[in-house]
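Listed below are the structures to be examined.
Next, two complexes with chain A in common: one pairs it with chain B, the other with chain C.
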Partner chain A sequence: MLGYVVRRVLASLPTMLLVYTLVFFIAHVTPGSPWDIGSNRPVEPTVKATLDAKYHLNEPLHTQYVDYLLGAVHGDLGPSYRDRTQNVEDIIIRFLPVSLELGAAAMLLAIVLGLPLGALAALTRNPAVDGLIRMVSTLGVSMPTYVVTSILVVVLGVELGLVPTFGWKGLFSTSAIVPVFSLALAPLAAVIRYFRSSMLEVMHLDYIRTARAKGLKPLQVIVRHMGRNALIPVMTVVGVYASNVLTGSFFVESIAGIPGFGRYFVLAVAARDYPVIIGTTLVYAVFVVGINLIVDLSYFLLDPRVRMERAT
Partner chain B sequence: MSAPAVETTSVTPAANPGRGTALLRLVRRNPALVASLALLAIVVAAAILSPLLPYDAYRQDILHRNARPSLQHWFGTDELGRDMTARLAVGARVSLIVALTSSLIAVAIGVVIGMVAGYLGGLSDSTIMRFVDSMYAFPETLFAILIASLVKGQLAGQSTGLLAPLAEAYRLSGGLLGVLLTLGFTCWLTTSRLVRSQVLSLKNAEYVLASRLAGASHTFIIRTHLLPNSLPVILVAVTFVVPNAILLEAGLSFIGVGVDPPTPSWGTMIAGGVQSIQSYPHLLIAPAVAIGATLLALNVVGDALRDLFDPALRASRRG
Partner chain C sequence: MRLERYRAAIVGALAVLVSGSAGIGHAYAADARAFRMIVGEPRFLDPNLATDYSIYVNAQLFEPLARIDNKGNLTLLEAKSIEVGPDNRTWTITLDPKFKWSNGQPITAADWEYSWKRILDPKLSSEVAAFLVDVENADDYNKGKITDVSKVGIKATGEYTLEVVTSKPAPQFRAILALPYLTPIPRAVVEKTGDKWIAPENILSNGPYKLVSRVNDQSIVMEANPYYGGNKPAIPRIEMTIASGDLCTAQLRAYEADEVDFATCVPSQDIARVRNDPKLGKELSPYPASATVWFQYDLSRSPWKDKRVRDAFALAVDRKAIVAAVSDDTAHPTDVVVPESIPGSNPADALKGTVEDAKKMLAEAGFPGGKGFPQFTITASANRGQPLIAQLLQQMWQEKLGVTATINVLEENAYRAWVKARKTEPYDLMLNQWYSDYADPSNWFGDLVVGDYRNSHFSNATFNDLVKKGNAEPDVAKRIEIFHAANKILEDEQPMTALYNPVDLWLVKPNVKGLQHVGVLDNFYIGEASFQ
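Coming up: the complex of A and B.
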């Protein structure tokens, strides 16, 4: 198992290199320099040259490419150009936790609500219940987060006045209700959908009949025998959505006024803040790779066949 | 993915006449599909007929700013007094153009890459697919934002030389060209994977081997055997790509790297509505509902199409 993790981490290094290469060149080829974007007056050429020299932007691109990479490998993601008192690491430490909290809370909500609803839709003999749950899940898959956030802010915030319309006071406050729910809706819908269909698939298999025949309680059969097996395809979907929720949070963050990582990325792109753009993207890519690894490891826990395969 | 694909292709000639009635049956059994098709028809009609609307989408009327919905202005007017109905209709046009054109670009790229990887096999295949796998680690929205600002930066300024005609087209299209290119370059990954696995399974089918033995060239085999028989898979890919393209376009416009104002797009309208969310929520609700309903309808239709083209998927969904 440890060997597997090590191999996977090593195999992700070329991926990270590709992501770095792409983001580096896309960012640097984009016209505009970090110094004259956002200010109305053109920057003095001498000032510009000094700034370029200070941040090594006057060097050839390939030198900058190698230099930044060497720094990044040693954990130095460079200074922010937009806010010159801060390093990219400071920015990550300041803004990432909020986005992570939001994303984790949303995924947790999606799983905790989605599994029972999906199971209910699969097992119920009432077609109206099944139809209703499926309709909600199709609705959830289709609604962009910014639409959901907007509507929730209007209804809960403006019309009913239950939650603040703007701002962030931590995860355990009313200001978190709208963002967490908007982010949770799409993964919730997907979890329901996939868990429902895989429960339907599993439910007629022989070992379920055996489990019932041995006299296990129905709930035990559903949770331990059906649920565990039906969870495997759901894990894949959860992984995909976890990455989406994390990297797609900037819509919610800008509408609801949350000082998160995603919002900072959008501002950095507009300001040509190269180190922040590159650093942010790399952090996101690390998370995507990490989430995929966790999902694959979860197969070990859920599926004895995978365990056997690895062991032999 | 591979086994059902073979089945589809071998069944195609016999199933062809039956496909129309199957569609009819689906419509009767699936009222949501009918409602979705009707809604999409309305959106398409609005997009095409938008010049016939009584109000112009760009005409400002400062005396009637932020009007609530009324008989004259069905969805009210925005912060510059422009008629929201007309702007929604032109926004539908933008969304549809983006959806169709960028999907075409993306699917074309995906088909070519998937076809080449699957057909050549060996080292080229593993190189290409390693690249595609790695691209999945690059968050799609971030990639789209980066590419969009790159394209925008390159084309929006005073371009000379090679890029000059493109820059002109960009200016005339109100930034639409940038979005099309961005989405085309962003959304091809899944298509390439689907097409590759289909080609891998087709490549060793008897009729392809026979064709090769008879001395057919690679282009002939690809054109007459592999491409037509990958069509169901390609259509399935289209059902994923089109809603995604609309979603991303609105997202990019929302952030401000998509369609340029004053061209109305649902994304820019939502962004504008967010500014006045406290006082004039209708400016936000109208475009939000428009895009939500359109995506919902597209997903329902996409589900139905996937059922139609992928018997294995259908079987598994029914349980």
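Coming up: the complex of A and C.
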């Protein structure tokens, strides 16, 4: 298994390099310079030159490309242009935890609600309940998060006054309700759908009948025998959503005013803050690669057959 | 059915979850005595660097020498007197010693000198330097042509006396001295802590409030500065929450939910609803901005070089329709570029004629009924209703003149970069706007038109001479007369066609008293407001 992990990590290096190359050049060819932002009047050429020199933007692009890469490999992601007293590491340390907290809460909610609901939809003989759960999950998959967030803010915040319309006072405050629900909706819907269909597949298999015939209690059959098997496809989809949700959502964070990683990324793009754009994208990439790896490893725990295949 | 039991358990668990989250609903309650508002993250809290909307945050912390009120009169703040010598160049500023830093230390002329010279320091690369170019040798020092800072005409001649010398007689300099950008900074702190002097643990301010805490991209909290020399603020605490993206929408939602006491704008799609709402409508506070929105042509190219084409385009525009669409009729249609509130402007200079005249002029220029007129592009920013204006113009010109335009909408920062690149690159037609920095004709005729900040490539020797003469004329009446003549040329030549003067819309909760729109920048001073 260790060998497998090492191989996977090495295989991800070219992916990371490709991500870096793409984002570096796209950021630099986007019109607008970091020094023009917010200014109503033309920036003096001398001012521009001084700042360019200070941040090495006057050097040829390929030199900048190599220099930044060398710095990044050594853990130096560069300074922020938008906030000249900060560097990218400070920004990551400050903003990523908020997104992680929010994302973890949303994923937890999606799993805790999604598994029972998916099971209920699969096991119930009542078409109304199944239909209702399926409708909710279809809605969750098809509604974009910015629509969900806006609706929740307007209904819960402006109309009912139950939650603040804006801002962040920590995970254990009312300000977390809207972002957590908005973020949880899509993974929740996916968990319900996948768990429902794989439960349906599993429930008629012979070993379930055997388990029931042995006289096991229904809950034991559902949780131990059906649930565990049905979890494998759900793990894949949870992994995909987790890398999205944990690194912060641009839309949810911007609309709900959450000072997280996603919102900071949007601000950095608008401000042409190259080091922050590149640095945050690299962190995203590491996350996606890492979570995919974790998902693959989780198969080892859930499915003995995978253990056998990979070992040989 | 055994499953029933589990179903009941699941439903029960769901109910607990939902009610649990609803149960903590009303935990959000702010300190009733704090003034709450939403602002954009200030790019610079350092007043030596801030030229964007950061100035509205900074204005609560830092105070300039004086202020120009809404009638155009100078009210002294940190200065006891501002005198100009008989040469119209030497300005002697006496500071009022009752003003102190927020730690109780005196603010001396040396702090002012240090601050203004720091603004000009090429290493700081500050855009605020543009406001000090009139000072002797300031421009050369800022551009690195001279390195000896002692040659710059700013000098502390006593503990509380500051002397500023302009390179030539500059009557508009009094208005510049009252700009909110030109404040002192605490020399000792800045020298010791460098860039980090604005951190809450280091910063000292001279205005009505002091900074208590700041979390980047999250919040700014201020409290009354106990050593402030002016009237003590009635509101002891300000809590600002930072928003990004659509600031107007975030503010309106929070305002409607009673989370803020004040909103500085209303999204254009909500203006009609807010105005018609019996409660919100009364809390709306409109203020005509010292600004104009216009469209302009690339005068270096055909067919835009032809004045008849420009006149035809201008006369075919229905300004009322545009204003109705973008502002629910709150903005003021205008057909002159320089706003009426700026001395030298004259609405009578506006181009006059009908749509029939427009058709005739286009025919005279060689395009009867728009025949043979090249297809052209209108470029607009994605912000402030500009895409809508572009569509309306496209339609009006198609219907009335028979010419066909395509529209190019650019994200705001890309648009700014695009406009700046038009210095050397060709274009057809663009939407643009200008907000006064200070209420003086030289900010419009000089900076905007002669300086060609928006790259219309308009150049007219008589006009340039008049502006030069006007800028140096100390006699107020004569000066206005000169700018009147310049205004006539500007409207005759029609390098830009004015559409409307925007109106700023605030929302202020009824229990907040005394919050006023101030000056051409539409500043607000929370220190002068109170809760009822």
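By our rule, the second predicted complex is superposed on the first by the 309 of 312 C-alpha atoms of A that agree within 3 Å, B and C clash if a C-alpha of one lies under 4 Å from a C-alpha of the other, contacts with A are read in each partner's own complex, and residues count from 1 in each chain.
Just so it is clear, contacts are C-beta pairs under 8 Å (C-beta built on N, C-alpha and C of every residue); 3 or more make two chains touch, one makes a residue touch a chain.
Computed from a predicted model, the values in this text were never measured in an experiment.
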Combined model on chain A: chain C and chain B, fit or clash: clash
- prompt: Between chain B (first) and chain C (second), which, if any, makes contact with A:285: first, second, both or neither?
  reply: first
- request: In the overlay, answer first, second, both or neither for which of chain B and chain C A:31 touches.
  value: both
Message: Which partner chains sit in contact with A:59 here, chain B, chain C, both or neither? Use first/second/both/neither.
response: neither
- request: Could you say whether A:161 touches chain B, chain C, both of them, or neither, answering first, second, both or neither?
  value: second
Task: Please work out whether A:67 is in contact with chain B alone, chain C alone, both, or neither, and reply first, second, both or neither.
output: neither
Query: Of the two partner chains, chain B (first) and chain C (second), which one does A:50 touch, if any: first, second, both, or neither?
result: second
Message: After overlaying the two complexes on chain A, where does the chain B footprint on chain A coincide with the chain C footprint?
response: 30-32, 153-154, 157-158, 165, 254-255, 266, 270
- prompt: Can you list the residues on chain A that touch chain C in the complex?
  reply: 30-33, 35-44, 46-47, 50-51, 54, 82-86, 94-95, 113, 116-117, 120, 123-124, 129, 153-154, 157-158, 161-169, 173-175, 177, 218-219, 222, 254-255, 257, 259, 263-264, 266-267, 270-272
Field: Contact set on chain C toward chain A in their complex
entry: 2-3, 6-7, 10, 13-14, 17, 21-22, 24-28, 38, 41, 43, 51-53, 122-123, 125-127, 129-130, 142-144, 195-196, 198-199, 215-219, 241-245, 250, 253-254, 256-259, 410-414, 416-418, 420-421, 423, 434-435, 437, 447, 453
Interfacial residue positions of chain A with respect to chain B in the complex: 12, 14-16, 18-19, 22-23, 26-27, 29-32, 122, 135, 138-139, 141-144, 146-147, 150-151, 153-154, 157-159, 165, 197, 200-201, 203-204, 243, 247-248, 250-251, 254-255, 265-266, 269-270, 277, 280-281, 284-285, 288-289, 292
- request: Please name which positions on chain B make contact with chain A in the complex.
  value: 32, 130-131, 133-143, 145-147, 149-150, 153-154, 157, 243, 247, 250-251, 254-257, 270, 273-274, 277-278, 281, 284-285, 288-289, 291-292, 295-296, 298-300, 303, 316-319
